[in-house]
């Protein structure tokens, strides 16, 4: 395990110290492991809180700032934070207009955020993100995982909150984005959890895990590696089969790196994704290419499509000023 | 009255559970690696170590207090799915324990029934979903019926442990419908559930320490 | 070799198509493999051209835009572009105020840019970047390699050009930044050039290559892997020994990922770097953490320090709007 | 007059050089992997393939033209260090060739001397720096003195090839002072220079094709 870390048990604490040092505009509660906007709570604004296991950087702390999250809770690597953290975050961003919890749909995250909402001293609405088409969705399962759409929800709902919309309206925007977004990922190598010290799964050269989760959860199936064009097809087919993306105002197309995949490969992928969408009659309205929701040192990528409308595009284009996403300000 | 469980015995139960978790940390993590995310042993060990430290420094004097401190510490330190689930279990036991200074077999059965209900509510899972419920539920039923039959606590707890073990084994062929293992669909069959394994240690610790 | 590519021979062309699709605000000449600012040439402004081998993304094309480069030339992977490309870039960004070439100090890059300057139809000044303290510098060698400081020069000289300064003044700023900046890198794994199909060097588990170059050139020495704290010390010691960074207005501290190292590790590194600088009495004025000058899928990082003054900080903070660096606009 | 090199022979020289590069592409790349960046064979092969295509379609009719098209194509397609160096070499030969329709041994020696000077200027390297100069320089000297001694071109070119080969071998123990290998310092010793190897093929191709 070749990693730039100290004690594997201290990775999260060390990284939060690094984040705090590199971003003096943020306020970090190292005790509770919560990263706040420097000016939180913002009077009269709905507060946005997210969080989850660490190892997906820049998600979530890299999205704290004006126009996006007010606070992010950092759990242990791949382990949901605890309710105390979320409650501290919630109380700390409460500007009098209530707080939105953006929760990725994993059993642990959902339950811990639920308990936090019970502990919090303000009105809380939770939106659960479940966009991963690799997982079968049904009333009788844990449901789809929350992956790439989380980034888009944090941006778009963040812009809605920044506009001064009330809690219900911000939650409605978040739910709309979630309902109109779909994702699918692929791993070309396993990630290695520092405390475990060895790869989470074995992936022989020449094979890839299609439908991988962001914690290294096994995917739909293991297949021989393909060209970028073939991989783009394998990722997009189930997404396009799950929701009709034609018509409307085009899509926000997000090609995400898993942590160890260099940007040059993501651009190669983007090109293939764009070509397929062109043939499918799905116009691309906006794009995002880069490692934004990662899985430690996993090689691979995911593709997220969000069916956009005027409102979504306007909120997407609105100013944002965070460590990882920044424009218009 | 050998069937009275006093505060010392309850401390012993929690410590013994912590010891079993520590001893089987790697087993729990390996089970979780197969169908989850390879952290159940790490999570539970982090939580139970914190619990032991808390109980040592605060030394709560009543059953409701020891369960409350245990539950709150687990909620605050474990995270993931097992933190809220084990936390809820102990917090429900605390609520039921009320002002009692000690517990008898009937009390204990009530407490564990409340714990079971709490886990089921929190996790929205049912028996057969391949979760800790599949060991906890039959264990509680076995305990209840043995106590109802007037069996001594030692016998009743022994029956509960055996039922948990059977429930744990029964998770192996199951296809998971809840928790992280559910993402695997059919590929989750053939593996023993980590949470069902850790909860069986909770029962085993009770049998060792409470009778 | 698990990579998201099509034909290994087409990686650069494919990635440029992806970049063009994802960034409609840029103009890409696919024939010449030059990426232009959409509004190039900017009348009356000094044009900034850089370029080099591909495989270092986002460098250089990701830094094309207002406040930074006017054009970037993409060579084959790890191979300098040819003079035709640089001449096309130079002529295409000539707004009447001359053109600055920002050249990383590699024999091939230097010679190709020289030939391009001979071909170009406008006044050209070249600044050669040579900041890598891993390499011995002397009159009798090829000299130090250009690495992390390149990113800082492109930003800071870009801001100077945007202000409307004349060519000589922009070149002087670029030279000042180069002379006050130092870098050192470490590899925790080799990169794999797609056309080669196997790792450039063997690096057994538990060892790292200290002083690595961004093309996988061997470093100063091979050493056992250390903790982040130890690695930070190994990278900073030669940098601090080479130039006095105390006094002045602090440093711009840049912790760069090599391509396959996730952000969480870079923040761990940043924290250790900041701690050492604190002890050494070197205040950090600004920071940059992320993969900005990469080496394909190499794991590792580099640290760059730039001794700043008022002018440098003002130019650093000036608005920039490129795919990879964006603030203030 | 067997010592007159006509345009057909010059085409043959370039094609033979391209063939030798193609045949030894992997060798050149492997040599470059040891002390550089593993692309010299790929670079030269890309360039010489382009040259062959250009010459086939344009079929230049004068020595100055063939060298100019070769040099410009190399500059435009090779990149890296070898592109400008080989490109400059051929462009200098073109300049010296002037209006001549064919070349004799003295001309050829002058052309290669100009090529050598061009490479040295462009690369700012000296003999002993472990570059292509270490093969090219002794080869040009050997050619010049054999021609001065009145040797037939075949003999003179044979001497040049042998000198290049010796120069190439002499790069092995050298510590590189120029180019990418110089980053290695002492660790560059013990490896043969890729550029000295490819330039020896240029001389070998001349010996095969021009006499």
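We call the chains A, B, C and D, going by the order they appear; numbering starts again at 1 in every chain.
The criterion applied here is as follows: a contact is a pair of C-beta atoms (placed from the backbone, for glycine too) under 8 Å apart; a residue touches a chain by one contact, two chains touch by 3 or more.
Please read all numbers here as calculations on a predicted model, not as lab measurements.
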If every chain is reduced to the average of its C-alpha atoms, which one ends up farthest from subunit D?
-> B
If you average the CA atoms of subunit A and of subunit D, how far apart do the two points sit, in angstrom?
-> 56
Whole-Å separation of chain centres (CA-atom averages), subunit A against subunit C = 29
Round to the nearest whole Å and give the separation of the Cα centres of subunit A and subunit B.
-> 33
How is the touch graph of the chains shaped: line, ring, star, complete or other?
-> line
Which pairs of chains touch, using the document's own definition | A-B, A-C, C-D
Interface with subunit B, subunit A side, in the complex: residues 53, 75-76, 78-84, 106-108, 111-112, 114-115, 134-136, 140-142, 145, 193, 195-196, 200, 213, 215-218
Can you list the subunit D residues touching subunit C in their complex?
-> 29, 33, 36-39, 42-43, 75-85, 87, 122-123, 177-180, 182-185, 187
Touching residues (chain side subunit A, partner subunit C) in the complex = 1-7, 11, 14-19, 21-23, 54-55, 57-58, 62, 188-189, 203, 205-206, 208, 225, 227-229, 231, 259-272, 274, 284, 287, 289, 291, 294, 296-297, 299-301, 326-329
